[in-house]
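Worksheet: the structure to be examined is printed underneath.
Naming follows writing order (A, B and C), and every chain is counted from residue 1.
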Amino acid sequence: MKKSKIDKPILEGKHLTKNFGALVAVHGVDFSVEQGEILGLIGPNGAGKSTLFNILMGVYVPDEGEVVFKGRTVSGLPPHKICRMGMAKTSQIVQSFKEMTVLENVLVGGLHGKNLRLREATQEAEEILEFVGLGRVKGAISGSITVPDRRRLELARVLATGAEVILLDENMAGLNPAEVEEVLKLLMEVRNQGKTLVVVEHIMQAVMGISDRLIVLNYGEKIAEGTPAEIADHRKVIEAYLGEKHASHRPN
Amino acid sequence: MLLFLQSLINGILLGGIYASYSAGFSLIFGVMGVINIFHGEMVMLGAFLTYWLFTLFHIDPFLTLPLSFFLLFVFGYLVQRFVIHRVVEAPPMISYILTFGIHLIIAYSALWVWTADFRAVTTSYSGLNATIGGVIIPYARLATFGLALIVVAGLYFLLKKTETGRAIQAAAQDKEMARLMGVNITRTYALTFGIGAAVTGVAGSLISTYFIIFPQMGLSYTIMAFCVVVLGGMGYIPGTLWGGLILGVVQSLIATYLNAGLSGALTFILLFIVLIVRPAGIAGKGIVD
Amino acid sequence: MTLLPITICLLIVPLAGFSGYLVRLLAMIFLWVGKAGCWNILSGMTGYIDFGAVGYYGIGSYATALLMSKAHAPFLVSVLVSGLVSALIALPIGLPTLRLRGAYFGIATLAFAEAMKQIILEFDKTAGVRFFEGPHGITLPIGPGNEFFYYFGFGVMVVVIAMTYWIRRSKFGYALRAVREAEQAAELAGVDTLSAKVKAYMISAFFLGLIGGIETYWLTYITPHMVFDVLITIQMVVMSLLGGMGTVFGPAVGASFLTVLYELFHRDFPYTYTILVGFIIVVVVLLMPKGIVGTLRKR
């Protein structure tokens, strides 16, 4: 895997703005991610986190601003091109190719995201499934496996595309604490392989614990940025969450 | 100049006709996302109901309207409740293959039973027109134009101001949320389909008074309804008026000044262009899947 | 493999002295399998229900008719060119329409086919030429007997089935299936969904145009209403649906069944056939959405 230049961030969002009619989903958001970082993206529901991810992946074209990935402006490119360049995303509502087997699901990523030939893609897919712990169900129809397994499957497919930057959109939602621990371990290993992660999560312990840095969105705007310790004490962040059931945790 | 005015008035009246039988289509799609390929059959059934009541029992077409409304309502309600509802959760292509199958059954059963003969309802007042400044305005078409306005206004009122209407809108916007708030989705959908069918049936009844009717007429009405609703915005009821008027006027002008055959081809080309360039319709308020 | 004996039997039929009627019936079935198979390559595999497939069939028909009757081109060249013409037209039509979702795509394609019919109908008047005769029909030189079309039909059928088989197991096939299952997830996984859809659309159009050319030569006289008939598309849809959309042999099963049904009913009870088709559709959608082959495979 190529390492990008040390002085340039691998992914940058510059003044990103996206409106849906009268609704301002994202407004003037600036951020950058260094290669090998784990960046946490938090904020109350409706703060614009998923919209931001969709902008990064080319699902939405920003009304203002641009997305710069590996030094290239990618805002306006179709998602498949961005994926082939090395960025991939999991979805809030798990999307799998239900009629295909678990292996085939991952295959699609390798074939089209990484542009491998069928034999190589199959081999890599099997290795990746072992890595995420789905080796035992590789022949199962993906519509029939459990929800935690389906989330791993999405991660596996993302890894198969050869992504260097992985956007995780609430990949741990609905998991119990033990399952969350396992996923966190997996993500740390992925990072140790040199990948960059941007994580959206509502499970505060998880995202605070794993992130090197955090960005906080509220009503589409970035209201805070810093280390987990700084964010936990940040006045604006606490205010944003007042009225939500969450209390911010101190990282361990 | 007179030719232009006549053509324009013809187009406007035609547009009203289009709107009257397209509003139900828009409603059904807007609420449950079903593209009803047998929509035209409901026009046909309304038309034939009026025809037979008139021909066999000499009941004036306008008096058949309430019966048409009621019977088509029941028909729509039952078909939705027991057949279409089973696939409401499935991807949309399933529902339009299904409604297509129902179209075949209804249209060809009608063909079988009633034969392919063309028919018309000719009353004592059928050919009567108003003449204003040299422009001819047939009463029957004027009545349908009026009906179109009533239907669109009525549906709009129903949706915005009544309890049932709000339930329908809630179900349209967010099915799960509506269910959680106590809305009976099954009944609401069936009700919506029934209303859409009823309104369409009444339009069909009126149409029998000045258009030729025949059992296979349905499909072209379905296609036209789709054109009207795409132009006006899928699921946006007031838009059916605009869509209808635009199509009616464009077709009328083309038929007058160019060539009647071309108006068919150009309608399809126009539809094609609108779908590509502005799928949310002229006013941009339509639902785009 | 039961395929081999079946293939050998089918190849022998015309030579074995069976009735001309059987040869004709089987030839029709082969060509319907071909048509349904074409429809299946796009719509069965991607889930984009094309209601305008007959448009390419008609284009191919007229291309062959014109080439053979006006330019006196040989049959083989004509049908190949017809396929190419259809495929070329499919590109500018497919690019915009395949971006549309579900129902909108269905109606846009239907509008395309209807527009094509109208254009040919209005061609003479608008262009001021006398290209066609009578109701815009074209007569071709009389061709060879049914056996010729039997073998040609058989060949095309085999090619279409083989194509479907090959596509399903290829990288391209995975792209198409991913589009059908979860198009946005496919995009996000690196699948160029538009390109995959357009390719399938063009392949389907090519063979539909080719088959249109073959059948035109067989019919020797065509009019726009015959070759742009929406009922042809309907047959393709129902055959694939009944047999199993997206499967390799589904169209063959569906086409065989429906063609026989058609032959049984159509002459004496034309409406009954279509009503039956309607019921088949409803029953399949409600009870057996994967079609015959699809449902059997699950067991």
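Simple rule for what comes next: a residue touches a chain if its C-beta (ideal position, glycine included) is under 8 Å from a C-beta of that chain, and two chains touch if they have at least 3 such contacts.
Since the model is a prediction, treat every value here as computed from it, not as a measurement.
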Joint neighbours of subunit C and subunit A, given as chain labels: none
Most widely separated chain from subunit B, with each centre as the mean of CA atoms: A
Busiest interface, counted in C-beta pairs: B-C
Computed distance of Cα centres, subunit C from subunit A, in Å: 43
Centre-of-Cα separation between subunit C and subunit B, whole angstrom: 32
Whole-Å separation of chain centres (CA-atom averages), subunit A against subunit B: 46
Residue ranges of subunit C in contact with subunit B within the complex: 47, 49, 96-97, 99-104, 106-108, 110-112, 114-115, 118-119, 121-122, 125-126, 230, 234, 237, 241, 271-272, 274-275, 277-282, 285-286, 289
Subunit C - residues contacting subunit A, complex: 170-171, 174-175, 177-178, 181-182, 184-194
Sites on subunit B touched by subunit C in the complex: 35, 83, 86-87, 90-94, 96-98, 100-109, 111-112, 219, 223, 226, 230, 259, 261-262, 264-265, 268-269, 271-272, 275-276, 279, 288-289
Subunit A residues touching subunit C - in the complex, by the definition given at the top: 57, 59, 78-81, 83-84, 88-89, 91, 95-100, 104, 107-109, 111-115, 117-118, 157-158, 160-161
